Every structure is written in structure tokens, then in C-alpha cells.
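In the two complexes that follow, subunit A is the common piece, with subunit B as its partner first and subunit C second.
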Partner chain A sequence: MDLLNALVTFANFVFVPAVAYGSQLALGALGVTLIYGILRFSNFAHGETMSFGTAITIMATWGLQAAGVTAGPLPTALIALPIGIGATILLVLGTDRAVYRFYRDRKAAPVILVIVSMGVMFIMSAIVRFLVGVEDIQFADGERMLVSARDFKTWTGLEEGLAIRTTQVITVVVAAVAVALLFWFLNRTRTGKSMRAFSDNEDLALLSGINPDRVVAVTWILVAALATTAGVLYGLDKSFKAFTYFQLLLPIFASAVVGGLGNPLGAIAGGFVIAFSEVMVTYAWKQVVAYASFGAWAPDGLLQLMSTEYKFAVSFAILIIVLLFKPTGLFKGQSV
Partner chain B sequence: MKKLLLAASAMALLAGAAAAQEATGAAPKIGIILGFTGPLESITPNMAAGAELAISEVNAAGGILGGQQVTTERADSTCTDAAAATAAAEGLVSGGVNAIMGADCSGVTGAVLTNVAVPNGIGIISPSATSPGLSTAEDNGLFFRTAPSDARQGEILANVLKDRGVTDVAVTYTNNDYGKGLSDSFTQAFTAAGGTVSITVPHEDGKADYSAEVASLAASGSDVLLVAGYTDQGGRGIIQNALDTGAFETFVLPDGMIGQDIVDNLGDGLSSSFGTMPGTDSPGAAAFRDLAAAQNLDGASVYAPESYDAAALILLAMQAANSTNGADWTAKVMDIANAPGEQILPGQLDKALDLLAQGQDIDYVGATAVELIGSGESAGNFRELEFKDGQIETIRFR
Partner chain C sequence: MIEVHDLHKHFGGFHAVDGASLRICKGSITGLIGPNGAGKTTLFNVIAGRLPPTSGRVTMGGEDITGLPPHELFHKGLLRTFQIAHEFSSMTVRENLMMVPASQSGESLWNAWFRRGRIREEEAALARKADEVLDFLTITHVADEKAGNLSGGQKKLLELGRTMMVDAKIVFLDEVGAGVNRTLLNTIADAIVRLNKERGYTFCVIEHDMDFIGRLCDPVIVMAQGKVLAEGSAQEIMQNEAVIEAYLGTGLKNKGAA
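And then the complex of A and B:
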């Protein structure tokens, strides 16, 4: 019984939140890694791309709710998601035409593109603030909890509760579907294969007749879809606030770099590594240990390795260690 | 030797200044130093008017110290520039003021106190400086304030928890001066009252995920969580996450967390929670509003009541001490502000002056239910709140 309590406590406060957060980071990191692999620069505007897609989705959600359309127990935002993705695709394709193509044609160095993307980031963040403002917005509707802590306690008779939010399950499921579709696309379709060829060796790909404009456009479309999905899932699970999405950029880049820039598998692994390390290293293990030792050893201290204000330090420490000893990331990516 | 000479000449200068002040002690004069320009410029005109309301009331009642009329002089503290405030206060002193009502912001108030009031032996009462640092400032007993220190709310929260039988609490605060100061003062007061703070976790506002913070807080084993944060920032994220995971059901919310939006967002989640924010139900507040309305002044304007009380306290203390000398009247402030004695509300200053002239004791209540504690600062009045059916309800005043 005590062992079960220990497991439930661990699942409730560490496993479930970290899996959901990790999925959101993984989706974000996939977008970053695709751009790095194919367009060969670090896109600092990625957080704001997520933010823009989410803002459009929120407005579409409001429209649907006003028209009386809901998704029953699921959040209405899932119906609105394609609209958000569509708008974001138009935005990034427009940005590429207006800004990035100019530098690509001149074969500008990656560091110039990075700075350019920061400029794009500021413009996008201003657009988002014009559209939906700077306030905290909650747009999740439908059933909030799949399993509530109190119900779980009554069902099982355990002392500890387990809570699973509907949005957490949706996050994991949607992330899994999106990743499966992406891998199928990259490995099985002709366009996907041409993208990988372009990523591996640009000159060789061009010689064998691959249309670079098409590859670039498809990349941006995929990135827009991934970014909007990640942003909406994150906003559903927590809440939408323009400033928070800017802050998301840090853990997302950490995930992509730890996993190996340019490697989609690595981005997913990196997302979970960052999420779990943030939660686990700063977790106070007191209760879990007390349950697991059958109450024989109830520690006086909290058994907390590190105070929570250092959780970002944890991500960055991992990042530095990986870069020092495995510059290409945990999975074989491109070195930075 | 050089140092000794320097010190000696400095002493001589000081003595000279003190002697000069004795000589000018004719008609009482009050300096009003507030930030008429700068960040507080929208509220300082009402504050000054509040102070002048008390002074004209005293003058209408025949003045103080055997019928002397009180004059005033305004000066600009700027709120932000300590050097400018010091220069302005020195201007007041050379203009012959016997006391200073002000300053407004904590920084410039400290500058005026240290650079002007203490060297010249002039008493000073601030209506609005709330920094806990001023409680321990070197003031030679010359400094008072009619606003509570920010540290006070920590004690109020500790009392609320004690009265509700809570002995074990987890604390999270927003990682800035407000959150840290409140968390520290609460922890100190709560521990002194026999309570236990099981864990203190700072949180950063505007962050992506608060799972780690809530996980640590939950592991402490406490049932009650104090959230010293902001309604639209990390504070709400923490509460939402704690409710979802079933980590906590009861939250204690200080003033930064009180707002209709958080009640709207969290709804029933707050049904067993409670909080505090500044406020008073004293009859003096209503009396001051009526008095001010007659002069076309908004009596509910921020810190206008505190300004009225500050000026009234200065004049009543001078009457009680029968002197305009800083050291003399400041020694009487605590006596007239606190019980025992006849209670004095706004509009009753004439009665207070009569009682003092007869040598009787008064208890100045004023517009903000003044009760001076510690080194001479307002105890402050707070509302204890609960959240019922989507409404913020006042349970009692403290």
C-alpha cells in the first residue's frame, strides 16, 4: 500500500506534469530543429511563431463559441487549431518571402540570419500583442479533469491522489500523432526524402534536380503546423500570455541542442530530458521516500537536491555538459 | 588631531544651528514636502490639501500655544530624487519651519530624515512612506509615519492563521522585494507565534511551467499554502496547478493576490481560502470624507486621510508639549496617538486642543484609526477576506 502511495505521489507531481511539459517542449524543439537542419539557422522567432498561431486559434475559438459550436468534453480550440495553423503558414511564408529569401539568395552567414530572426521575433511579438493583448487568457473549455485527485482517492482508498488533466492527455496524444505524421512524411514521401537530401548535402540535392524553393516552402509549412500545435497545447494546459511564450524559447532551444540540432528524434528526446530534469532535480523527495520505506524512515529534511529557483540552471548545466562532451548532441545532430 | 578639530568644529556648527532655531520659535510653521512633480503628482495635491485641511481646522479653532495661528509652506520632494528632496527640505528649514509633514516616497523620506530633520532637530511625520527599512532608521525619535510598514501585513497574516488554528503552512513568494519582504516578515511573525513554515519556495513571474514549484510545496506535507504573488502572474499559475494536482485546497492570499479576476478565474477553487488587504471601517474615515467633501476634496483619495492625520498629530503634539521645538513635541506624539484618553475624530480638533490645554489626555483616532506602534509607525488596518460564490467578502477588520 505504501509503495503504491509512493508511486502515486511520484506520478502526480513528477511523471504526469513532466510528460505533458516534455511533449510541449518536444513539439517546439522539432520546429527549431527542422529549420536548423534545412534552412541552416537558429530561428529565434520560433517562440513568437507559436504565440501567433495560438493567438489566432484563440480568436477562432471565441468565434466558434459565440456561434455555439463546441467540441463537447474536448476543448473547442482543437476545432479552431486548423485555422490557426493556416494563418501561421501564411505568416511564415510571407516572412520568408519578405525577409529570409533576400539573405538566402546572398548566401548570408548563419549568424546574420540569427540576428535577422531576432528582428522578426520583435515584429511578430508586437503583432500578437496588437491582436490579443498582453493579459493572461484562459481558453480551455470542456471537461477540465480526466481524473481528479479527490475522485482517485475515493476509488482506490489510497492516501495520495492522482490528478490527470484532459489537456495533459490531449497534449501527449496530439504530440504523438504529430510526431508520427512528421516521421512518416520525412521517411516515406518523395517531398520528405528530398528535404532530407537537401539537409544532408545542399549542392548534391540541387544537382539531382530538387527544387530548393519547394523544399523551403514545405519546411516552413511543417514548422508553422508544429509551432501552432505546440503553442495551442501549451496554452490549453497552462494559459496564454504573450510574454510567457517568449520565455518558452529558452527551454525549447535547450531541448533542441541537447538532442542534437537538426535531428528530429533528438529534439523529442531533448524535450523530455529538459522537462524531467527541471522537475526531478528540484523535487523534494521527502514524501516519496517516507512511503517507499514503509514509514520506517521519515526524513526530517525535505530531501530536496536543489531549490526550485535553480531549475533553469539545471537545464543550462545539462546543455553545457552535453556541448562539452558531445557537441553534436545526445543523438547525432550537427555541431553548433 | 585634524579629525578632532573637524569634529569639534562640526559640533560647534550644530550647536549654532540649534541655537538659531530656538531664536526663531515665534509663530508655528509647518513644512509640507510632497512629490508635486514626479510619479506621485496625481495624488499629492489631495494629500497636501488633506494636511492643510487639518491646519485650517486648528486655526479656525483659535490656533495652538495660546492662540498662535499656524502657517504652512509647500515644497517638492520629487518622490525619486533624494538630492532634490534634501535641497527642498533645507529650503523649508531656512524658511523657519518647526515641523515637516512628509515626505511621500520611502527613498526621499529617508533622505530628508537623515540629511535635514536629524541634523536640525526637526520632527517629521510621513503620511505614505511604507518601506520596512524606515522602522530601523537612525531618527533620534524624530520620525513617525501614519502609514503602516509593509512588514506589518506579515504580522496580520500570522494572526489570521493563528486565529483560524493553522499551525503549519507552506509559503511561496514572487521573487522580488515585495514578495521576499512579505514572506520574511510573515515567517518571522508566524514562527514567533509558535507556527511552522514547512517550506519556502520562490517563484518567477511569467515562466512556462510551475510543476516543479508545486511539487516541492506539496512534498512539505502542509495543508495550507500562502501565496505572496500577483493575481495575473505566477501566483495564479501556482494556485491553478496546486488545485489541479490536489496538492492544496486552502490558500492564504495577501493584498497582491486579491482581485476580482482571480475569483472569476478560479471560482470554487477558492471556497476555503482567505486573505487580507488594507482597509478600515472606523467612523473616522466617514467623518473625514464628509469634512473633505465640504472643501471640495475627495476624502477617499489615496493617502489624503493619512496626510490629514499627520498634520493633526503634529499640531496636537505641539499643543500637548506647549512647544514648537522638535525634541519636545515629538516626545508627545505616541501619547496623544494612542489610548488612554478621549477619542478624537476628524472635525473634533477644537475639542482636542481644549482638552490638551486643560492638561487632559487624548487618544487621536483620526481618519485612519491611528494607532502608533514600534518606533512610531501606524499599526495599519486590514480587512480579512473570504471568497464566497464568486464574491470577495469582508469577514472582519484587524
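And then the complex of A and C:
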């Protein structure tokens, strides 16, 4: 019983939240890694791209709710998501046309593009604040809980409960579908293969008749879809606040780098590595340890390595360690 | 076929190509030789759209193609290989070849999703073609290797193989023979001659191996210091005093005379 209680506590406070958060990071990191692989720069505006897509989705959600349209037990935001994606596609394609293409044509060094993307980041973040303000926005409606802690306790007779929120399940399902579609696209379609070829060897791809403008456009479209989905899932799971998306940039980059920049599979693995590290390091293990040792050891302290305010330090530390010891990431990516 | 008029390519103050004019005739295998640093690769880079020229003009069949990007030149039938072999290192050799013929029905997402039968047929045809090319180049045994793991010589063959996946009009080969052993070099030479005869490819070949040049190429163009120094048959070139001084040296003069 105690072991089961330990397990349930672990699942409730570590496993379930980390899987949901990891899925969100993985989607975010996929966008970063695609841009790095094809356009060859680290896009600092990625967090704000997520934020923009989410802001539009929230506005569309409000519109749908006002019109009386909801998704029943599911959040209305899922219906609004395609609208957010569409708007974000227009935004990034417009940005590429107006800003990045200028530097690409001049064959600007990656570091210049990074700085340019910071400028884009500021503009996008201003747009988002203009659209929905800086307040905390809860936009998850529908059924809140899939499994509530109380129900779980009655079913199992355990002392500890396991709560699974609808948004957590939706996050995992939607992320899995998005990733499956992405990999189908990259590995099975000719356009996807030409993207991989372009990422592998640009010179040769051009010589094989692959149109770079098309590859770049398709990349931005995929990135907009991934970023908006990631942003909306994160916002549903937690809440939307303009500033948090800027902060998400660090764990997202850490995920992409840990997995190996330019490597999509790596980005997914990296997302879960970072999410689990963050949650586990900031979790107070007292309860789990007490159960697991059959009450023999009830620690006085919380057994928390770091308080949650420092959670970003975890990403940062992992980022530094990977860059120092394995700059190409755990899975082979491009060296940073 | 290809005409280059007074082409200049400067890197800062350095004139890598310094007023080169030349003509590559349809159906020929034209040799391009010259000392290292003569500007041969740079000339290729400019013709093939990898670098913009500082000034000058390139025409193909009378049409101005100066500064067109490589993927557009590809669709006009102008292909090239690199001095240092390039490959999609994470793909297999067969996949590398199958990447070449761009723009088929698989290009559109609609087709990829709704016409999978047709796509599969096309892919199968493409795979058969790739296998023919591999067979032709005698590297069938590495078809499923990652291209990044090939030897230098095999990569050169793969480069040549890419040009065989489509119907090219003119192919520029940059030192196909460098770092390739004799047997492979003969394979490459045979392939070039067959493509020229059977499929009507025009070639422009940079090579340092004078036996190879002498056996294959007519005419031969000599470049030095960014300019065209001489042009003629391989025999004439090997006797040419200026060429011997700039490039071939006396050892080859004796050999050429012998």
C-alpha cells in the first residue's frame, strides 16, 4: 500500500505534470530546431511567436464563446486553434518577407540573424501586449478534470489521490498528433525530404533543383503551426501571460540544444529531459520518501533541491553542461 | 552551348577571374586546366549561379543566364559537381540519387496525402533509375550505406551519378578525378564518354591528370591567373610554350612530345 501511495504521489506531482510540460517544450523546441536546421539561426522571437499565436487563439475563443459556440467538455480554444495558426503563419511569412529575407539575400552571418530576431521579438511582444494586455488570462473552459483526486481515492482506496486535468491529457494527445504529422511530412513527402536535404547540405540541395524560397516558406508555416500549438497548450495547462512566454524561451532553447540543434527527434527528447529535470529538482520529495521507506524515514526537511522560483536555473545549468561537454547535443545535431 | 563574355569575379581587391571569355560547344567534352588558384573553380561557381559575377555575361544557347540561382539553372539542364564532393550525409546513397529529380507530383501536400498510389509508383520508378545509375557506376554494393560514410572516390562517383538522374544538357565537373584511384578514374572516364555519346551530354571538365584530359577532352582550355591563356586540342596544348611555362612544366613537355 505504501509503495503504491509513493507511486501515486510521484505520478500526481512529478510524472503527469512533467509529461504535459515536456510535450509543450518539445513542440516549442521543434520550431526552434527547424528554423536552426533550415534558416541556420537561433530564433529568439520564437517565444513571442508562441505568444502571438496564443493571443489570437484566445481572442478567437472569446469570439466563439460570445457566439455561443463551445466544444462541450473540451476547451473552446481547440476550435479556435486553426485561426491562431493561420494568423501566425501570416505573421511569420510577413516577417520573413519584410525582415529576414533581406539578410538572407546578403548571406548575413548567423549571429546577425540572431540579433535581428531579437528585434523581431520586441516588436512581436509589443503587438501581443497591444492585443490582449499583460494580465493573467485563463481561457480553458469545458470539463476541468478528467480524473479528480477524490474520485481516484474512492476508486482505489489509497490515501493519496491522482488528479489528471483535461488540459494535461489534451496536451499530450495534441502534441502526439502534431509530432506524428510533422514526421510523416518530413520523412514521407517530397517537400519534407527536400527540407531535410536543404538542412543537410544547402549547396547540394540548390543544385538538385530544390527551390530555397519554397523550403523557407514551408519551414515558417510548420514553425507557426508548432509554435501556436505549443503556446495554446501551455496557456490552457497553466494560464496565458505575455511575460511567461518570453521566459519559456530558455527551457525551449535548452531542450533544442540538449537534443542537438537541427535534429527534430532530439528536440522531442530534449523537451522531456528538461521538463523532468525541472519538475524533479523543484519537487519536495518528503511525502514520496516517507511512503517509499514505509514510514521508517520521515524526513524533517522538504527534500526539495531547489525552490520553484529557481526552476529556470535548471534549464540554464543543463544548457551550460551540454554546451561544455557535448556541444552537438545528446543526439547528433549541428554544433552550436 | 555556353558562352562566357569577359567575366570578372573579384574577392575584395583580388581578381580570381579576371576577364575570362570562352565558349563550350554543344556535344563537346571541353577540358579546363590550369595551375591551382587559376580561378577555375571560381569560374564554375559563377557560371553555375553559386556566386554572382563582378561583371561579365554568361549565356546558354543564346539566352542570358548570368546570375540565375542554381535551382533555376538545374531546371534548364545545367548541372555541376563540386571539387570537394558534397552529399546528403544523413541519407543513403540511393536516397541521395532519388533527391535529384525535383518537381514531381509528390511536391504538393494534396498529392502526397490523396494520391499515394501514384506517388508510390513514381518513387518506385525513381528507385529503379537510381539502381541503374548505381549499377552503371559499379557502386551498387553501397546503395544502402549512409552517403557520409563513403570513401572520397565513391563520393565523386555519387556526384557524377546525380547528374545521370535527369536529362542534363551540360555538366560541369570540378576535379572528378582528384583523390580517385586508377580503376575508379577509368570508370568515371567511361561514364563521361558514354553519357556524351549516348545521351548527348555536353561536358566541361576540370582535371589535373593530363592522361585523362588527353584521352577525353577536345578542346582543352587553359586558364592562368583568372584569364584564358590558350585553347586547342590536347596535343596542341601540350606543345604550347606559354602553357608549359605556366602550368605543365618541362617534364610533361617531354612526355607530350614523346
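One rule holds for everything that comes next: the second predicted complex is superposed on the first by the 330 of 336 C-alpha atoms of A that agree within 3 Å, B and C clash if a C-alpha of one lies under 4 Å from a C-alpha of the other, contacts with A are read in each partner's own complex, and residues count from 1 in each chain.
The definition used in the following text is that a contact is a pair of C-beta atoms (placed from the backbone, for glycine too) under 8 Å apart; a residue touches a chain by one contact, two chains touch by 3 or more.
Computed from a predicted model, the values in this text were never measured in an experiment.
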{"item": "Touching partner for A:Lys107 - first (subunit B), second (subunit C), both, neither", "value": "neither"}
{"item": "Subunit B versus subunit C as contact partner of A:Arg150, first or second or both or neither", "value": "first"}
{"item": "First, second, both or neither for A:Gln247, with subunit B first and subunit C second", "value": "first"}
{"item": "Touched partner set for A:Gly209, first subunit B, second subunit C, both or neither", "value": "second"}
{"item": "First (subunit B), second (subunit C), both or neither touched by A:Gln304", "value": "first"}
{"item": "Subunit B and subunit C contact sites that coincide on subunit A, given as residue numbers", "value": "none"}
{"item": "Residues of subunit A touching subunit C in the complex", "value": "185, 188-191, 193-194, 196-197, 200-201, 203-212"}
{"item": "Touching residues on subunit B, where the partner in the complex is subunit A", "value": "175, 199, 201-204, 206-209, 211-216, 218-221, 232-233, 236-237, 240-241, 244-247, 265"}
{"item": "Contact footprint of subunit B on subunit A as seen in their complex", "value": "12-14, 17-18, 21, 135-136, 138, 144-145, 148-150, 153, 161, 163, 165, 234, 238-239, 241, 243-244, 247-248, 251, 275, 278-279, 282-288, 302, 304, 307-309, 311"}
{"item": "Complex interface listing, subunit C residues touching subunit A", "value": "48, 50, 69-71, 74-75, 79-80, 82, 86-91, 95, 99-104, 106-109, 112, 119, 162, 166"}
